[in-house]
Structures are given as structure tokens and as C-alpha cells.
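Quick heads-up: structures coming right below.
Two complexes are shown next, each including chain A; its partner changes from chain B in the first to chain C in the second.
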Partner chain A sequence: MLTYTLQRFGLALITIWAISVISFVIIQLPPGDFVDAYIASLSASGSMVRQEEAQALRQLYGLDQPIWVQYWKWASRVAQGDFGTSMEWGRPVTEVLGDRLWLTVAVSLAAIFLTWGIALPIGIYSAVRQYSMADYAFTLIGFVGLAVPNFLLALIIMYFGFVLFDLNVGGLFSAEYQLAPWSWGKAKDLMAHLPLPALILALAGTAQLIRIMRANLLDELRRPYVATARARGLAEWRVIVKYPVRAALNPFASTIGYLLPFVVSGSIVVSLVLSLPTVGPLLLRALVAQDMFLAGTIVLLLGVLTVIGTFISDLILMWIDPRIRAGIHG
Partner chain B sequence: MAFNSPLMAQLALGLVLAVGAMSPASAQSSLGQSGLVGTPEGITIVTDQAQWPKTFNEAPQLADLVKQGKLPAVKDRLPQDLMVIKPVKEIGKYGGTWRRGFTGPGDDENGNRINASDRPMLVDHTGAKVNPSLAKSWKMSDDGKVFTLNLRRGLRWSDGAPMTADDFVFWFEEIYSNKEILPVGIPDMTPAGKPGKIVKVDDYTVNFVFEVPFYLFEDLMGGDTLIGGGQAVRQSNKRSHGAYAPAHYLKKFLPKFMPGGADAANAAARAEGFDSWIARLHFKKDWTLNPELPVLGPFRTVQPINNAVWVMERNPFYWAVDTAGNQLPYLDRVQMTVVENLEVLNLRAMAGDYDLQERHIDLGKLPVLLENQARGKYKVHLDLALNGTDAIYHFNQSFDADAEIAKWLRNADFRRALSLAIDRKQLNETFWLGVAVPGSTAPGEALPYFPGPGWREKWSTFDQKTANEMLDKIGLSRKDAQGFRVRTDNGQRLRIQIQAVQAFLPWPKISEMVADQWAKVGIQADVRDTERNLAFTRTQNNEHHIMVWNNGGTELLYLFPRHAIPVDPTEAFMGPEHAKWYASGGTQGKKPEDPNILKMLELFTSAAGQKTDERIKTAQEIWKILIDQQYAIGTVGQSPALMGVRLVSERLGNIPSRNCIAQHCRTPGGAHPETWFYKN
Partner chain C sequence: MAEPILSVRNLQTYFRPDEGIVRAVDGASFDLYPGRTLGIVGESGCGKSVTARSILRIVDRPGKVEGGEIVLRRHDGRLVDIVGLDESGAEMRDIRGGEIGYVFQEPMSSLSAFYTIGNQVMEAIHLHKRVTEKEARDRAIELLHLVGIPRPEQRVDSYSFELSGGLRQRVMIALALAAEPRILIADEPTTALDVTTQAQILELIRKIQEERKLAVVLITHDMGVIAEMADAVSVMYLGKIVESGPVDEIFHAPKHPYTQALLRSIPSVLAEPRSRLATISGSIPHPYARPPGCTFNPRCGNFMPGKCDQAPPPATTLSADHEVRCFLYGEGVAT
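On to the complex of A and B.
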């Protein structure tokens, strides 16, 4: 068991290193570099950067060195916990990320719990009452939810929220709390802004999870052990929740590997549409501006979290599913 | 029916706007009737000292600081040579926060422009006349070799230190001339390739001295240029131009003034988390990032731009008063909230979350913006630009990768025919809601460089028949089965690429319509929707056939020529190799063969040493060549598409009913935001 864990850990380290190399290379792939992006954005405001100045800027950022030198400088700093300074924001990467990380976690967790809160009961109900009117209704809504892109839903909900209910549009804080230090008022303001983005983020995942839950549970319900349990006179509620639901939960657990990075980055497109001050839009912006340190750090963080998440989901699977536990021991 | 009457009125207005686009004149008049386009108006600077106020008032917050002994009295903070401003409508009152939206640290121009008065001279609301600002007066010597700025006596930085000629000399000697900060000189200081210099005459008199006549320098100093642009824009975001800098503050970050030289400077920079002393200097001289930096504009940063909210507060040493002696600005602060995308910015603007916003507002949303005026408690103004066209099609004259394509790109009748094949009315109604003016690339009549009647229309009307005839005549009469004209070398279809970037306007979509119109005269154009960086890289590598952009700024041809003639390699859409040739003095790039291009470049070079009247005539000459040759096709312009859709809170006072929108007007800064105030 220990060697198994150590092996996994060693593999995880190699995977993370590979991720760092690949992410660095991918960020370098588009033509040009940060200075080109900077020149392009300056020219939009009528400013002029001459070739010689651009070259001086490249030297300043070390962009004139070969890519492997740049990678080595970056990686050795990261290994020491120094993620560098974001070129675009002119602040340490950790600070730029730190501002947004907690808000992102708050929005994403709210979305995940909402997803589960909606999807699990509906999935169970649809499976148990298969082909009922409600099942058809949920199936219809589920398919619509799957088919409509999230960002479109976000735009529509945002527009009607504004027109019909005078909802504050976009963002997580009202103007008066933007600058205020944390207080009850600010927390309440955040709570008031949270449901809309959380709901939109949750809806797409919900439809998918309902379908998975329903299908899995249907499989389980037809198993002989369910019939046996019923024959033995167990209460119907207990029969369903205690065994088949638990078995059907496996896919939920195995998706946790992908949930962790989601928690940190959020849905990029939806966050962008709703103008949430989360990590997703930051990543997009860093990629467009070719801000290597910021983009590299975020991509690396996402990679690391995926690896950790996968590891955790393995552990959780062992915990909720006795069959897997048995598999390892045997 | 759920429609209420205001909505119907807006729909009707939309129709008026669309139908009004029949001809330039009627478009303008129906816009006039819409009430959305006001008359240009601006502040008045009172120069008669007899009318100047004798006693002064200040904002309550500053009065408190004076009482606590933390700030000198208001009369001691103001210069002897006052700037006395008569606001557009009335004397305002102190207080209030101006809420606005911005898109992040790259959007520094959003705030730079508000501080536009921190330059020696600033253009007025017409966009054609230059007013004093930091300098109370200026003079160009008769021989055109010495330009003198007379600074306001008693001018102070926002930290109270005096601002003098030494700050100009400091910038010139320690920043501009330091090759590590700026590797090369700028054309603004190097007429005919000969470097000029900045010389102190006395504390408040600065001379710019040149070896050759440089009459153009007066225009450069008054424009939004590298030399005349002022501190806010020219020294933020890693830029290092702008003619002056706060010597007393910045000296301590330069190796020359540190005991240990460059090593000590680098060590000090690393201790503060910067990679080198240059990186630290770029930070320290950036007003958007460094709240400590002394500035001269009406506002100074208190929370830097690299946060979710960028906050500015009034400069306690601002050097202007209103006619009643109130120190400006009236507004306490400016608060800009970051948005992740422009849709949200527009939606927030409609919700009344911003008090005055013209930047990033989308003309295409005009109907919805009007519909929400009452609930958002704002009023919509349309301000019209001065430049000729918002979508200009540049034909790459130095293209050489495909001889057949190059041949046609360089053929004047080919370009003229394609220009005649464009239905500008259709473009105007589809993408500009009919509010713009169709025509050539020439600037509007309001400016002195307007080449004369007829030149906005020349080769720029819709005439498919003539276009077809011209294309037949130049040797493109053979067509393929689908009716497209074929190449003369191999008989295959002639395909021209349009490189379009999704930036200020939906240029890819606009270009699709242009391509459809060209298809009707048998020319196949492929629109390449290109990411901006890639487009710029391809252009610099001389790979594009046709590039679409706008020509904003070209209305002042000498100050921002790059989108009119190929002189600046940065964005030489019309011929990158020719621009390199021109900018390098003939050592790099490729000399143009076309005598008309050579003529234009010659005219442009000679203009720097010409006096104003002659220089204007030269510019008109250049425009006439440009339009007759159609090196670039103009489509639709003089529109509110860029920063011309202005949402103004009903609570704000002293707002001009029409703003000048142009690069050199520093929209909205040219309208003097320091005179705006909250009525309630």
C-alpha cells in the first residue's frame, strides 16, 4: 500500500514537471511575445513603439533569450516558490492570483453544491419513477440544458434579470462595496450577487449529472440484490438510498479530479460573460497578452490540481465503494 | 400592446437615423433633428488678468487639511500665472465620485485622457485651435529653429514641489538621452535626422533648439505626440517620452545620482522586487501604478490601476480655478471598476452604473441605450469624429510574394474600380446605423487639412458599371464559370486577401460585406479574420494584400501619419518595406517605384520646415494624391463609432453637448473634466 502510494506520488511529480514544460511551450506557440502584444495594444491608443525600444523591453523581460533559458529561469524560480511578476499587471503573480482565488473558490463551490443539490434528487427521482410525466419533464429540461451553451444562458438570464428584476448585472460586488474592507455588509452583498452566477454555472453540469445519475441508478435498480432487499421487506426508501444510490454515486466521485481545477479557474467563458472577478478571465487575458509568468502559473496550478484531484478521487472511490477496496486488498 | 410610447419614439428615431443616410447632408441634418448631436462647445480660458478672481476657495476636504497644518493655504498652492477657466455653463460645487468602467491594466488610456491637461498645450473643443495649459504662452522663432515655452510661474507638482524648466532639462538629459531607457531618439526631436536639444533659459522659460527649421514642432507640441503628450500618457505603461518629468522625485531611482552607480541601483531595485533599476524606474514614473509619483493633472492615483478598482483623487495643487476663484477640480474622485468584457460594460452603463462613459460604448447598441435612458438616469450624446473613415482598406504597395497579385495591388485603376464597387450606403446602414458619412479617406471639412470640395466623393461613390468597365479595360476581362475574373498569368481565379481584425469595429463582418460587393464586379476577396498580434506580425513581414483598419488621427496628417502614408514601420499597412525605406533614410527596406508615392514622401519630408500656411497646402496636396491614387479606399467615417456614444448622468453639470472625439482631443479630457460637477 505504501509503495503504491509512493509510486503514485513519484508519477504525479513527473506529470507535474511535464505539465510545466508543455504549458510553457504552449504559451510560447502563438506568434510574437508579450512585447508584440504590448505594442499592438499601445498602437490602439495611438502610441508608437519603435523597434529599438521594443528590443530594450524584450531585454528587460528576458524575452531575447532562447526558450529553454527562459524556461529554466522560470522553473527554477517556481521551484523556490517565486512565481515572478506579471508583465501585464506589474504585480507579483501570487498577489494578482490571490485577489481572485478566494472569490473563484466561493463561486465554484456554490456552483458545485448547487449542481449536486439539484441533480442528485432529480436523478434519483427520474430513475425510480422512470417514464413518469415528471421524468419526461426533467428529461426535456435536461436535454435543453445540455444543448444550450452556458454563456448564452448567462447572457439571456443577465439581460432579463436586468430588464425585469433590476438585478445588478455582472460582477460579485456592488459599487459601494468594491473598495470597502471585508464586513458583514460586504459579505451580505456578496451573498446577494452569488446565486445568479452559481445558478448559471450549475445548470449545465446539472443536466449532465441528472442523466448520468438516472442511467446508473436504473442499471443498479435492476440488479438481483435490489429484488432480494425488497423481498426481505426493507423499506423502499432504505432499499434505494442504502445500496443502489451509493453504487450509482461512483461517477460523481471520479469527476472530483476535474472538479478541483474547476473550483480554481471557474468556467472561463461564463465568468467572462458575467464579468466575475475570478481566475478564468484572468487566464484568458494573460494568454491573449502573452503574459508568460501569469499564464504559466495558472496553467501549472490547474495541472497540479488535476493531478491532486485525481488522487483524491481514487481515495474517495475506495471509501465509498467496498468493491474497489476489496480489489486492492485482494 | 406592451409597447409604450417612448419606445415607439426610439424606434421611429432609429428609422429616421437609417433613412437619413441617403446622403451626407441629410444624414447630418436628421442627426441634428434627433437631438442626440449637440453643437460643439467648450470652456473659455480667461486671459485678461483684470477679470481674474482675487480670493480663492477650495474643497472642504482640503480646507480641513489646511486647518490641520498638513497643507499650505489655497492661495499659496496656486501659481501666480493662474489658469482661470470659465466652465461651459455655470460655477459648480465640490463633491462626488465619478463612476466609470475600464478593462484592466492595459486600459491606462482611460485615465490618462482624464488628466490630459498635464501637457504644455491642449487643443480646444473644435479640435483645430490650441490653448495654453502648463505653458501660459509659446513662440516659434522666425527662422523655425528655436521654440520657446513660457511656463506658468509658481506651478507646483501634486506634492507641492515647484515645477520648473529644470524638469524639462531633467527629462531630456537623464531619461530621453539615456540609451538604456530609450535606445533611440524620436522624430519629434530629430528634424531631418539632426538631434535637437532642450535648454533652460530661466526657471520658467524652456527652449527647444534645432539645427534646421522645424516649424512643425509647434503642432507637435500642441498635439497628442511623443513630445507634447504630457506625463500621464507618455510616462505610464513603460513609456518614457513627454518632454518633462519630476526631477526631484525620480532622481533617486537613477544610477547616476546614486553613490554606488548601476550596481547599487540594481541592488535597490531587487530589494523592492524589481528585476533591474530600469524596471523599477518604469514603475516609479507610472502615475497609474505609483500613488507617490508627483503629477500635474487634476487627479492623482490613490489605488493603482492593477486592482479591481482604480481610484483617483483630486490633486491638491492643481493650478486652475473657475471664474469665482474655486480651485478645480470640483469632483472629489474618479472610481473605475474593472469589467471582464465589453458586453457587461455596456449593460452596466445602461443600468446607470456609470456617471459618464464614452469609452468602450458600442454604437451598435444605440437603440437599447436610448431605450434605457430614463431608468438608467442618463442622457445619450452622439459626438462625431473628424477623420475620414472608420474602415479603410490599405493596399500593400510593397507586396512581392506573388507577382500577379502585386501587379494588381499597384494598379491605380484596379484600386479605383474596387472603390467604385463599394456600396457605402449599405455599409453605413448596416454597421453604423446610418449615422456616419460615406466617402473617401479625406478628413472632414472642419479641419484645415480638408483637401477641398469634391475630394470626399472622388472615386468614392457607388458605380458598378464604371467599375466593371475599368476592370475589363486593365486586362481583367476574362472570367471563370462562376463569373469571377481570372489571373493573367495562369488563368486561375484572382483571389485577393483582406486581413481583418476584430477590434474597434466588427471589421471582419464589414469586410465580408465589402467582399460581397466586390464579387458583383467579379473580384474574389477572401476575408482573413486574424487575431491582432498575428495580423501585426504578418503586416511587418510584408505578407498582407489588403489590411482594414480605421484612419483616426490622420485628420492631423503630420502628427499621426501612419494610417495615411507609409512613413512609420510600426503599422505600415500601405507598404511596410517602403516605410522601412523612408524611416531608415534609405538604408533598409525597398524604395517605392511609384512616382506618386515618392512625391508624397517628398512633400511630407519638406513640410516639417514649412510655415503653417504652406504646410497646410502641402498636406492638402498629399491628400489629393492619396485620394486620386486610392492607395487606400475610404468607406464610411466621421461617425460616433469610436468614443462618440456618450452616456452622461442627469446629475452631472457643465457637460458640453458635443465633445470633440479625436486622438488629439484626448476624449474626454479635452472637455476639461475638472470643471464637471454633481448638481445634486
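On to the complex of A and C.
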């Protein structure tokens, strides 16, 4: 069990290292180095940089040294929380990302919980009552949901939310809290704004998840241990919830890892439509503007999030599946 | 003989998928007595397991018990017709496990891998007995000890995948006995096990049967197991019981051509070396295309054209408990 945990942790560290290399390569990709870009951006605004000053900057970032030394310097700065400066914003990357990162995590988590909250019960119902009218209805809605692009759904819901319910759609904050520092009022305001974007983001994965849950559970319902549980006199719904649903949920625990980055990067268009202050639209802008320090940092963070998520789902799997605890895989 | 504890009369369990209708059990009748073993024998697909599952009303959809009666004498002496009960009602659930224990065919997959065996045995105890957690655990350990599991105090916290096939089948028996039922249905309990383990499991069932005066239904395709374990035998073919009687009569004077063929196909160490093992000619007809008349007629050596393919043969009583469904016996013989 400890070996398993350590092994997973080791793999996570190696993966994070690999991601950091890729992020570094991304940052290095545009022609010229960071200082060239910096000088260019400064001269665009009218001020000049003296040759010695440029040289000093190059030395500070180790740009005159071999590539692995540059990587090492960059990595050690990143480890201390210094991600460099965003060219486009003219501010440190950490400042630009700031709250956006946590808002993204909040929106994503809310969306994930909503997805599960909607999809799992429907999936269970559809499997237990296979080929019933409700099963067919959910299947139909599910396929329509899969076929309709999310941003379109977002636009439609925004339109009807505005026209019918006079909802303040778009964004995560009301105007007066947009730039205000954190307070109870702002937190409450966030809670009021969160459900709609979370729901729209959640609907993306719901249809798919219903199908997966239904298929998993249909497989499990035919296993002999279900009949065994029934034969000892257990009530039907307890049979289903305790045994086959438990087994059908197992594959979900292993997908927690890539849900998070999927919600972040897969929702860029929806986030733009809903003007959410999350990381997705920022990544898009950074890429368009070739703001490589910002883009590289976001890629790095998304990668690390995935690794952390996968590590957590490994731990959860170990916690819920005795076979893995016992060291029997599969 | 004493009153039967369970009486099955003309049981009909049909499957109605979209393609048609499968009469998996088509008019089976038998009685169970405390302390005695009824063997139900037949080829795969003859309806043995469906018969057993019908008694507990746990037939998988689209199967359904559609007719007949299953009268159970409950522990308080009341007679209950199981066919008339609500499939998911309280009384039916009380009977499952509480009055009738069921040992399944596949010990490998009949236990959930997500819970300890103790958890599953204790669940069965809690469902039928008002006991504390501690008492349930003690009982579970006691049961595991009873079925011959070594170090039951530790095994109670094991998972099924940590046990061998033989031990798992012992756990299944412990599970079936958890709420002290008076009937035990063993559905091919030894099919998935190797020969030495088979003998141990059968011995265990017999020992517990004697101790607890259990009525046992033993379902198998293995005539050897029947000879060793059963008091009475019902031979099933395509959902019908073609012959039933005391085990000695069935083995020494089998009447139905199907029973005779089954007995001929048992390998014997006394047989002539390098002689061919007798088989039953033909194969089981497709469930949607059952032959008219006696369903065994296409494979029967005693086939009488114009008789066997016209109407199903009625039951003929040969002696007190010996019954056969074949035109070779009874009144219709002359024609």
C-alpha cells in the first residue's frame, strides 16, 4: 500500500518535470529571446533600453548561457513562485493570473459536482429501468445534448435567462464587486452568479456521463453477486446502490484527474461567451498575442493540475477499491 | 412421510423477449421434506436453475413466473403461496435468506469484491435477526468456522479475492445459512471447483443438512453427485420433469428413455478399456422451435411415429413416488 503510494508519487514528480520541460520549450519557441521582446515592447511605448541594461537583464535570466542552464534558472525561479513577466500586460504573470486561477477552480469544481449530481442518478435510473419510456427520453435528451455545441447552449440560456427571468447573466460578479477586494458581500455575489455558468459547463459532460454510467451499470447488474445479494433478502434499491452502483462508480474515480483541465481548456469558448473571468479566455488571448511567459505558465499550471488530480484519483481508488489496496491490479 | 416443507405444483416460468416465448420451466412439480435432499438433474439449459430461482422469485428479466404454485410451510406453520407474493415485497424478502438459503454456481463472482466477506455475511444476519453489531460479527465468525474456514477470526475481514475457489464456495454456504433457513438450494455448487474440493463441499453440505435437518435442493448435471447426495431425483428435460422417483429406483430401474440415456453416459472405471462413452444423440432443440408432442422425441431411441409427436405424454405413476412422462408406460401403450 505504501509502495503503491510512493510509486504513484514518484511517477507524478517525473510527469511534472516533463511538463515543465515542455512549458519551457513553449516559452522559448518564438524567435528572439525574452529580452528582445521586452525591448521591443518598451520601444513601442517610446522608452529606450540602453545596451548595458539589456546585457544586465540577459545575465539575470542567464540568456547568454547554454539552454539547460537557462532551463535550470527558469525552473528554480518557478519553484519560488516567480513565473516571469507577461509581455502583453506588463505585469508579473502571478499578478495577471491572480484570482482567475481560483475562480477557475471554483467554477470547474461546481461544474464537475453538478455534472455528477445530474448524470449519475439519471444513469442509474436508465440502467435499472432499461428500455423504459424514461430511459428512451433521457437517451434522446442526452444525444441532443451531445450534438448541440456548448456555446450555443450558453447563448440560448443567457437569452432566455435575460428575457424571461431578468437574470444578470455573464460574468461571475456584479459590476460593483468586479474590482472590489474580497469581502463577504463579494463571496455572496459570487455564489449567486456561480450556478448558471456552472450549469452550462456541466451540461457539456452530462450527456456523455449518463451514457457511461448506464453502460457500466448494465454490465454490473448482470453479475452473479447481484443475484446473491438479492437472494439473501436485501431490498432491491439497497441491492443496487450497495453492490453494482459501487462497482460502476469505480471507473469514475480514475477520471477525476483529467476532468479539471478538461473543464478549463474545453470551456474557453463558453467562458468567452459568458465573459467569465477564468483562465480559459486568458490562455486564448496569451496565445494570440504570443505572450509566451503567460501562455507557458498556464500550460504548466494546467499540466500540474492534471497530475495532482490524477494522483488524488489514484489515492481515492486505493481508498475505495480493496483489490488495489491488496496490490492486485485490474 | 412427514408433511412437505415446500410443494411446487405445475410451475411455469416463461421468458418473453421480443423474439418470442421461451418456456424455461413448463409445468414442474415436486415436494421437499425436512432433512432430505431432492436432486434436480438435466443438461444445461433444461430449466434447472430457473426452477430454483423461481422459488426465490429472483428470475432475471424478461423471465417471469406465470403459473402454478409454490407452497411454503413457514416456520410458524402458515402456508404461503410464493407465486402469489409481491416479488419485492416484505414477505418475499423475509423468505429469501430467512427461510430459503441459496448457494450459487459461481463462487468466483458471486461475492462482491468491494466488501469483506464478514460484511456480506453480517448483512445477511442483520436482515433477518435483531442482533447487535458485535453479535452479528460473532455469529459470522461462528458460521465461517462451521463451514470449515481456517482462522475465521481473521478471515472474516478478508476480501473474496483473497480466498481460493473452495474457500469462496464455503463462504457462499455460510452466507446462505446466515439467517438459519430451513431450506437450502444449491445450484451446481461444485461445478466450478476441482474434484477434491467438490467432494469436500458436498460432504460439508451433507454434514450441515444432518445437523440442521435442512431440506436441500441440489441442482446438478452430474449423475455421480446425485447418486452420492440425493434421496429423490427429478430428471428435467426442456422445462419439464420427465421422470421423478427415489434415487435407488431411478438408478437401478430408470424408465424414461432420457434418464436411461443420461445414466449410460456416465463414464465408469469398470468400463471396457478404450470403449466409446455413450452419448445422447442429437442436441437440445432451439428454444423457439420445440418439437411437438414429447419434446424428447427427435433424440429418442423408442420414438413412436404418430404418437410421440402428437401430444405431450401425461404423467404415469409407476409406484408410490415414481412418476414418468412417456408413452411407453401407462394406458396408452397398446396403440
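Here, the second predicted complex is superposed on the first by the 243 of 330 C-alpha atoms of A that agree within 3 Å, B and C clash if a C-alpha of one lies under 4 Å from a C-alpha of the other, contacts with A are read in each partner's own complex, and residues count from 1 in each chain.
To be clear about the criterion, a residue touches a chain if its C-beta (ideal position, glycine included) is under 8 Å from a C-beta of that chain, and two chains touch if they have at least 3 such contacts.
None of the values given here were measured: they were computed from a predicted structure.
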### Message
With both structures fitted on chain A, tell me whether chain B or chain C touches more of chain A's residues.
### Response
B
### Query
Between chain B (first) and chain C (second), which, if any, makes contact with A:138: first, second, both or neither?
neither
### Task
Have a look at where A:162 lands relative to chain B and chain C in the superposition and call it first, second, both or neither.
first
#### Entry: Which of chain B and chain C A:321 touches, first, second, both or neither
second
### Message
Contact-wise, after the overlay, does A:24 reach chain B, chain C, both or neither (first, second, both, neither)?
### Response
neither
### Task
Have a look at where A:252 lands relative to chain B and chain C in the superposition and call it first, second, both or neither.
neither
### Task
Starting from the residues of chain A touching chain B, keep only those that also touch chain C in the other complex, and list them.
none
### Message
Taking the touch rule as given, give the residues of chain B at its contact with chain A in the complex, in rising order.
### Response
99, 104-106, 109, 180-184, 186, 224, 226, 233, 237-239, 273-276, 278-279, 282-283, 286, 289, 303, 306-309, 311, 335, 337-341, 343-345, 347-348, 350-351, 353, 503-504, 531-534, 536-537, 552-553, 560, 562, 568-571, 663
### Query
Which of the residues in chain A end up touching chain C in this complex?
222-225, 227-236, 242-243, 246-247, 320-323, 326, 328
### Query
Hey, which residues of chain A end up touching chain B in the complex?
30-32, 36-53, 55-57, 60, 62, 85, 88-92, 96, 99, 155, 158-159, 162, 166, 168-171, 175, 178-179, 271-277, 281, 285, 289-290
### Query
Which residues of chain C touch chain A in their complex?
53, 56, 58, 60, 88, 93-98, 101-102, 104-106, 109-116, 120, 123-124, 127-128, 159, 161-162, 172, 175-176, 178-179
